[in-house]
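Take a look at the structures listed below.
In what follows, subunit A forms one complex with subunit B and a second complex with subunit C.
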Partner chain A sequence: MRRLQPRLAVWGTVTLLALVFVFLGAGMDVEYVIPRRLTRLGAMVIGGVCIAWSSITFQTLTGNRILTPAIMGYEAVYLLLQALLVLLLGTSSVVLLGIHGNFLLSVVVMLVYSWGIHRWLFRDGNSNVYTLLLVGLVLTLVIGTFTQFVQLKVSPGEFSVLQSFSLASFNRVQPPQLLYGALVVAAVALVGRKSLATLDVLSLGRDQAISLGVDYRHSVRLHLALIAALVAVSTSLLGPTAFMGIFVANSTYALARTFRHRVTLALGSAVAIGLFIAAQLLVEHVFNYTTTVGILINLLCGGYFLVLMVRTRGAP
Partner chain B sequence: MRTGGLAVFALLCVTSLLVGARQLEWSGDAWLTLTASRLPRLAALVLTGVGLSVCGVILQHLVRNKFVEPATSGGLDAAKLGILLSLALVPAASVPVRMLFALVVCFAAGLLFVLLIRRIQFKSTVLVPVIGLMYGGVLSAIAEFYAYRHNIMQSMQGWLLGDFSRVVQGSYEIIYLILPIVVLTYLYAHRFTLVGMGEGMATSLGLNYPATVALGLLLVAVTVSATVISVGAIPFVGLVIPNLVALRYGDNLGRTLPIVALSGASLLLACDILGRVLIYPFEVPIGLTAGSVGGVLFLALIIWRQR
Partner chain C sequence: MITVHNLHKAYGSKTVLRGVDARFAGQRLTSLIGPNGAGKTTLLMMIARLMQPCAGTVCLEGRTVAGIPVGEYARRVATLRQSPDFNLRLTVQELVAFGRFPYSRGALTREDHQVIDEAIAFLSLQPLRHAYLDELSGGQRQMAFLAMTIAQQTDYLLLDEPLNNLDIKHAVQIMRALRRLCDEHGRTVVLVVHDINFAASYSDHIVAMKAGAVQCAGSVDEVITEAQLGELYGLDFDISQGPRGRLCNYFNP
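Then we have the complex of A and B:
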């Protein structure tokens, strides 16, 4: 019974935050304000589930609690794509592709990217996650330079378009994208649900997992593919969220006091959604849009990350 | 080997002087082109190349990790934050004042990074640069929080893209600060080699460990802030060159430092010439060419070492 309490508290807080977010100052305007806010809430839910699921399983696979899949270069690829679109097509890229075209294109490009690096790295059978990490790191730096160059060359008007893509926010989400996102998340959940127990075993480490009879290579590739799909959806939907995964995963472990994925994945989603709603409320009502959700989350989660590193000496 | 390297370097220097939008002829204004633009540019290129690669070596010895350089230890983001601070607090600041801000923030950030890394036990060496990148991300987030409010995000991006086309007589001289830094590094090279062996070993060999680390960080901070202020950030030079040199010549800094410096300068010169002829008569900023050339080299290094 005692173990249930923090979980109930988290879900209660999230529900409360959601209610405040939807109804605060809305004046029961069911024509415009409330539907718009519900759309954003939907984006937060889908994004939150994606981020929590992808970072918790990624940390299980790497056996490391200070990593997030964002570090593997997905967000760099997304930003480069947006920068190239703006550079080649100008501000008309927004009109030309339409918001759905852009969303789908981003998802496809990120999936192709992750398929490419996985295939290239696993081709001779050695699945070293740290090499993957190093390659992602270098690609992040290289692609970052390209993006910087493009950002410098475009006009201020085009830059503001680009900037709206490069900072996480919920404002550009449209209902059809939510539907696509929800479909992907549902598909991933269906596939992943069966292997939750395998994930628990994988968290014991590579050797233990193999000696307990898990097809290690197959499982790692399956889960990396699921992570790729989730990161693609969340990044195209909301934009880059860098550190958020670390914060979500670690506070989830602290709250759940267990590493069983059946518990942590659900609780992590709640934490991520709650964090999104809280950040959005702060942006809307405290900072009055002088900052963005992305910057706020980066500040909070980045600071938390540093504190975590110092307090736990890197072995949380 | 030494003479071969020197010959390549000299060749690159001459090429760098001769390449450009304005053809050099033996008439009236050739001398002006040379003294006002080409020679300053050459000096800036060589100094930056030397400074960045030496910086990479020092950092790698201080942190005892081969993947660390200013870009992967938060140094560049710290310099950016420092410049932003100077703009916020002293809007009319001159270049030296801005550099001082960048230097102080850079040094403080470097110190914090080293302390952080020392506290953490790493399962894999790859994690150190990952932590460094995240650390840089935090510093960047602070800068962005301020920059977004004041709508200077785009200009802030510009500070960090390495570009030598703005180097002309009268606007780049601060980069000469790298010269004494390199001399100092060379004088202390043996101590940095000892630091690279770890605190216990260095202390038992009679080294004042904290003082040497602080000195190294100060040297790095001066170099990074001087380059960021005058030409912008150039990734990978500090990463690729020390690794390639160490693969062949080992880690004795007293012996390898000249080779590292020479190779760094040569790589930067080559990247710059490439950037200048690629879309002649315009030019690609060196941040871009060095970023891609260095990135490809580094990826090749990773794959080759994995075999």
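Then we have the complex of A and C:
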């Protein structure tokens, strides 16, 4: 029973936070305040599951605890797309595409991007994850430079629209997007559920996994595809989250004290959701909207990332 | 029996294996010896299907291994690489349980638990059963990994330098365990080993490699001779026959 306690505590805290978030100062206004808050809560749940799942499986595939799928350039592609839309269509792009149009376009563009690089990298039987990382990193830098170039071309007003896309926020989310997001997450969970044990074996590394009868190339491609779908959903829904995956994954490992993905994926989702709700509560009730969730989360997770780097270096 | 035929491997212009032919007899312990860069590990990794040859074939009991599904191969051949380091926090028992993955795909049955118990008992690891891997010494960790490989219940075991970085006591323990696997359980063991005296004392057969090709292969008596080893390593060997077996001395010219 002792092993169950941290998990129960995390889930308990998340439930409590969710209740506080929905009802604090709402005055039981079921017409407007509570439905709006439930929408944001839904976004946090879907975003949290996406971030936890994608980061933890990505770290398992790469055997590295300070990476997130962001290194593959998904978020860079998203930002470039937003910059290009603003450049080509102006601020009217927001109106022209509609908020759903933008969401769906972003998902499709990120999926096409990841499909392209996976296909290109795995074309001749090569299954080296490190090549993939290196190419992803270089592409992230290149795409980031393009985005900066585009940003220089747009007017200050358009730039501020662009700026709002580059930080995570729950305020853009609309109920239909939640539905699409939930459908994708459900599909991923359905496919991924069968291979949780395979993921455990993959954490032993490529050679040991093959030796234990895992079709390594197939499994890596499958999970990278699932990660791409999850990142596409969370980024289109909330915007880039950068360091958050590292924080979520590592605190999950510390809490779960097991390598089994059956446990870590669920617990990680709880940690991510809890973090989102806590940040949103702070923004709404402590900072009175003078700061954003994205900034708070980047501050916390970026700080944690630094601590992690320093501590890892200090270790013998 | 594992046979390899005309195996080639090259990275760009650097040739690692040039037409290797070898046979590894069933239910025997075969050591691969030779200087660094001779291609021993490359050969072993190709038999394990962790690397693809540029040309040539590997056959397991007459069947080319490329045609065997990876899941089935894991029930025939188990591979242990040099003590892999990873930052997973898991116990000896959890590691050994991974050996059952080829059979149960993660959902352990009663039979699986029994096999895990037997593998742990075989290497006398019961006291360390619930210890975490990162708290063990290098020798104990290597024993734990070997237990996982044993729990895989394959007819063939491939080991890449299992004695690397071990003290002499753990090295003897590992070699004795491999010998018993071969004699008592009829398993076929192929290992890469650098210590000539260990190879000479525990092997049935020895395959000596140099510069990407097999220099000589055969029984211990045929390969462990002053002339053969001298040519293999470019060192002056003195082989003496003591009451407890052969001893190769190459330390001083």
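By definition in this document, the second predicted complex is superposed on the first by the 313 of 316 C-alpha atoms of A that agree within 3 Å, B and C clash if a C-alpha of one lies under 4 Å from a C-alpha of the other, contacts with A are read in each partner's own complex, and residues count from 1 in each chain.
Keep in mind that, in the parts below, a residue touches a chain if its C-beta (ideal position, glycine included) is under 8 Å from a C-beta of that chain, and two chains touch if they have at least 3 such contacts.
Every value quoted in this text rests on a predicted model; they were computed, and no experiment measured them.
Undergrad: Could you tell me if A:Val33 is touching subunit B, subunit C, both of them or neither one (first, second, both, neither)?
TA: neither
Undergrad: On the A-aligned overlay, A:Phe149 touches which partner chain: subunit B = first, subunit C = second, or both, or neither?
TA: The first partner, subunit B, only.
Undergrad: Counting only touches as set out at the top, which of subunit B and subunit C does A:Leu104 meet: first, second, both, neither?
TA: The answer is neither, since A:Leu104 touches no partner chain.
Undergrad: Does subunit B (first) or subunit C (second) touch A:Arg65, or do both, or does neither?
TA: A:Arg65: touches subunit C, not subunit B.
Undergrad: Looking at subunit A, does subunit C or subunit B touch more of its residues?
TA: B
Undergrad: With the two structures laid over each other on chain A, which partner does A:Ala197 touch: subunit B (first), subunit C (second), both, or neither?
TA: In the superposition, A:Ala197 contacts subunit C only.
Undergrad: If we overlay the two complexes on their shared chain A, which of subunit B and subunit C does A:Gln208 touch? Say first, second, both or neither.
TA: second
Undergrad: Kindly classify A:Ile295 by the partners it touches after superposition: subunit B alone (first), subunit C alone (second), both, or neither?
TA: First partner only.
Undergrad: State whether A:Ala182 touches subunit B only (first), subunit C only (second), both chains, or neither.
TA: Once the two structures are laid over each other on A, A:Ala182 reaches no partner at all.
Undergrad: What residues on subunit A does subunit C touch that subunit B touches too?
TA: Dual-contact residues (subunit A): 63.
Undergrad: In their complex, what parts of subunit B are in touch with subunit A?
TA: 67, 71-72, 116, 119-124, 126-127, 129-131, 133-135, 137-138, 140-142, 144-145, 148-149, 153-154, 157-158, 160-161, 235-236, 285, 287-288, 291-292, 295, 298-299, 302, 306
Undergrad: Which residues of subunit C touch subunit A once you look at their complex with the stated criterion?
TA: Touching subunit A: residues 48-50, 52, 70-75, 78-81, 84, 86-90, 94, 98-99, 101-102, 105-107, 152 of subunit C.
Undergrad: Can you tell me which positions in subunit A touch subunit B when the two form their complex?
TA: Within the complex, subunit A contacts subunit B at residues 63-64, 66-67, 71, 128, 130-131, 133-135, 137-142, 145-146, 148-149, 151-152, 156, 159, 163, 167, 242-243, 290-292, 295-296, 298-299, 302-303, 305-306, 309-310, 313-315.
Undergrad: In their shared complex, at which residues does subunit A touch subunit C?
TA: Residues 63, 65, 125, 196-198, 200-201, 203-208, 210-216, 253, 257-259.
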